[in-house]
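Have a look at these structures, which come just after this line.
Two complexes follow with chain A in common, the first pairing it with chain B and the second with chain C.
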Partner chain A sequence: MRRQLVDARRRPGPMKLRGDAPLARVCAAVILTALALGATAAEKPFKAPRTSDGQPDLQGYWTNNTVVPLQRPAAYADRAQLTEAEARERLDKALEPSETEAGTDADVHYQLTDYGLDITQRKMNLDTRTAAIVDPPDGKLPAPLPTAAAKAKERADYTRAHQYDSAQTLNLSVRCIVWPHQGPPIMPTGYNSNLEIYQSPGYVTIITEMMPDARIVPLDGRPHLPGGVKQWLGDSRGHWDGNTLVIETTNYTGRTQVPGTPAGLLLTPDARVTEYLERTGADTLHYRFTVEDKNLWDRSWTAEYPLVRIDGMRFEYACQEGNYGLANTLSGARVKEREAAAQGTTPRDPVPPPRR
Partner chain B sequence: MPNHLRFFSRLAAAALGALLAAPPALAHHSFSAEFDAGKPVSLRGVVTKVELINPHSWITIDVKDANGLTTSWMVEGGSPNVLLKSGVTKNAIPLGSELVIAGYQARDGSNRAVGRDISFADGRPLFFAGSKPDKAAE
Partner chain C sequence: MAHSARPIRAPFRIIRRRVALLVAFCALAIGAAAQAQSPKPVVAKRTASGKPDISGIWQAMSAASFNIEDHAATFGPVAALGAQGAVPPGFGVVKGQIPYLPAALSQRDENYKNRLTADPEVKCYRPGVPRATYMPQPFQILQTDGDILIAYQYANALRTVFMKDRGEAPIDSWMGWSNGHWEGDVLVVDVTGQIGQSWLDRAGNFATASLHVVERYIPQGSDHLWYEATLEDPAVFSRPWTISLPLYRHVEPNPQLLEFKCEEFAEELLYGHLAKKPEGANAPPAR
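Now for the complex of A and B:
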């Protein structure tokens, strides 16, 4: 894997008018503060620093921001790597401001660049890979088992039809309960795609910026919680394998899923996720994870995301039940229902609840 | 560029284009559920309240119409985490400052809107990532 650190944050550029709404455009100037990490590492192997109690030091603020998709796009066929020029071109393409058409649902959003919501406005790796998945070697998720796929479709159909029925049917992230990218496995989230790691004797704590739940990982070899105890972030246990921190997580709730997997394909309580974290440089961490769930797939799959050091501090993302958004969304749904009823139609097709 | 590289370069661009063609998976909630694409609004008003709260910030403004009647509007903005990284604090939006807002009104017809584009009255964008509003004024 060839990587270079890239600071892809945009500089403000000239403004452009679109309709009656000014749309901030950015010039495509990219600050490429490239450090040839691969070459440096080849010449002088990186020696991971240690904490005061002798653990490899993983501490700091990190980002997993990336333009590399989880699965390899079909257009790349069997290519696992781009050339550096191609990777830069991919990044340049991602830097082009996205346009939406005024008056469409897609336009009902913040101007992404102005608000700092562009994925390219944060530091990231210039990553030459075509997919984050490294196993299976084709860079694709394994096909779900037929029973799991059918169940996932039932769930997805029901959610699509009933998500605005009540506060309880809105998804977990809208309700600020848990975000899918929190994992484990920890996944990129587009904005605020940051995490903090700190260590104390016998423990490693990982906090994703959104949401700021502290995942405290004991390193003392204690057993997992009893199987009946389920947690939003599962139950994590860690140990060191040389300089690599290995974390195994079980005890999932059956209500969360790995972002990028098919809609409705929730990790089951039998799932096991193994994460591997290793310092690869002064400002880089390597993050690799393997997902196993015998109820969803007949084989495991593995992906990797490089982490890049960023400046702290981490601002607490104190998300409270969607604040005003939750009530506004529900009241909007009721208006749509009334409008549909007045027209003698239904805003959605009736869908039975998924079987438990 | 050699032909095969050019081919793969186009291939990469096409693949990325396909990815980017999808709506950005950035929204915390469905904006089109909350706000109505059929109700674009242009507001000009004075800031009376700033709530930098997650998952979304809210700015309340008083909008005066041609008859001098004042109406209070709540305008939804981005995550304070993102805004703070861009240097936007409460101090960047002083009470009493005048804002010009283009957005979409709430579906339920209440005086709430998504602040798609927000500028100060003199044209400075309120939120402009990578550029602190106070610096943008220099």
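Now for the complex of A and C:
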């Protein structure tokens, strides 16, 4: 869907207004409602209803939209929480319309707000925390091991220099293979931070709207897939610990990355991600995850954020079928090269890297 | 009955009754004929609410993915693949031939000629319905007393079968818009809103965006489902027609759909011509 719309949204004009002020006000109202719901939930423990086979019911459509960054910004180095006024200010700032600079990728990109894709158009949990990471307690990712950091830099440098060489050198989401926020761990993303949870006897199925891969998690205690079978989304096994759904994922490909971690730092096949999902209210879920990868970090790290119920439905995000962007990107890079060759220069960076 | 006092009405009443009897007889005969083709449901297991439990991992054992009509073994489109790329023979899952309109039949033949680049499967596009059912890969039915999810291993395709009628599709999609209901022990799924670019097999059989599919999942004991799909599309077919095939349960321990995220397998085909050529590759040959 995303790429199919690109051509339709090309607009003339040097500058475009991003966002929409009346809309932002509506969103703020929605968010404050969500905040109120969250506060109520915190006061008395919520007893989740049960599915017909007795599982705590996590079903429905949810969003993990947030303005809380993964890592704590330097400005709040000594603070885990903002005051409510500061949190509102941070939110207002995130909802403010911004302008794009003429001639940049962002300026010629279609307007997300026109398609309900903008982060401000969905419900959002306002939480007052300064970072999603809760462990380490400073809200920062642990420093990667030196060998891992060096390898990551090498990969990132290569990607910067060669990403437009071919489809195979572009990033996985542009290639419609897997989006980084699909995880696991599932992370908020710039738009379409929507997911569906479906529970049937013996399984919990999690589907991120973008991309709609059904992560079908068996709850019967079966062993993980053999080590020879690696998967983009890993291999997930779940069990209930009281009211908390615990999902452990292994068998990663070694080609994916947790969004927000340093460029090129790919999870290795030894990685293990543990997710914890708990219903905290009629319209809220709590999501926490721990990432362990002995090849990347000498300790695990944990982050958490709330999910808020949204109205369905989930639409089919047919990425590959509408991926005109990939062909256009590559042919654009080839045009730049031909132009440079005609002028006897070498294009150092054929196309500026997209901001993500 | 004031009218019964008027004798002139009596013969009409008799005629009406006879017509009604005839209609009832015809309806029964048609119903019996339909039932002769469709096996009766045999339910091995039921859900908590008493519906047949058809959850599980299923797969067709058929050459329908190559050609839904009767076909002999033949050459595949890529000589380099040798016998590995040949088309295995198969009984058709459609009785007789597909009732194409003349122009549509020509289009099918054209599709066949261009299948190496035109078949959506080659490009890793979602297969649509009913093709998804008999792809040579398993699919999983996840079932609750509410909606039913069907997840296909091929291309990670997915669809929700809404068990409370949601009316028309809000927008066309590759896997369509599925409204389901139980007719006795048969799950009947009405599928519309498909995007109209899907094929029905590797032989170029196809339909358009006006395709209306009615699927019937008929339980046949614990490890089999009988699958039927009636296809109606006035843009390409002269009448509705039906495919019919058995589906088999994966009975091995801990069966699981695995990832077949095929996008990268299609990249060289789709985008290879746009890749940067090695230094000098575009230079004119030396004289």
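Here is the rule we use: the second predicted complex is superposed on the first by the 296 of 356 C-alpha atoms of A that agree within 3 Å, B and C clash if a C-alpha of one lies under 4 Å from a C-alpha of the other, contacts with A are read in each partner's own complex, and residues count from 1 in each chain.
The working rule: contacts are C-beta pairs under 8 Å (C-beta built on N, C-alpha and C of every residue); 3 or more make two chains touch, one makes a residue touch a chain.
Computed from a prediction, not measured in an experiment: that's the story for all the values here.
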Larger contact residue set on chain A - chain B or chain C: B
Chain B versus chain C as contact partner of A:C176, first or second or both or neither: both
Which of chain B and chain C A:G190 touches, first, second, both or neither: first
Which superposed partner A:Y76 touches (first chain B, second chain C, both, neither): first
Touching partner for A:V335 - first (chain B), second (chain C), both, neither: first
Which superposed partner A:A167 touches (first chain B, second chain C, both, neither): second
Touching partner for A:I207 - first (chain B), second (chain C), both, neither: second
Which of chain B and chain C A:T147 touches, first, second, both or neither: neither
Touched partner set for A:Q199, first chain B, second chain C, both or neither: second
Chain B/chain C common contact set on chain A: 164, 176, 315, 318-320, 326, 331, 333-334
Chain A residues within the chain B interface of the complex: 9-12, 15, 20-24, 67, 69, 73-76, 79, 82-83, 85-86, 89-90, 93-94, 98, 102-119, 121, 164, 170, 173-174, 176, 190-192, 209-210, 315, 317-320, 322-326, 328-329, 331-336
Touching residues on chain A, where the partner in the complex is chain C: 51-53, 164-168, 175-178, 198-201, 203, 205, 207, 211-214, 216, 218, 222-223, 225, 229, 231-233, 313-316, 318-321, 326-327, 330-331, 333-334, 337
Residue ranges of chain C in contact with chain A within the complex: 47-49, 55, 120, 123-126, 140, 142-145, 147, 149, 151, 155-156, 158, 160, 170-171, 173-175, 195, 254, 256-259, 261, 263-264, 266-268, 270-272, 274-276
Residues of chain B that touch chain A when the two form their complex: 1, 5, 8-9, 11-20, 23-38, 40, 42, 53-56, 58, 74, 76-86, 102, 104, 106-110, 112, 114-119, 125-131, 136
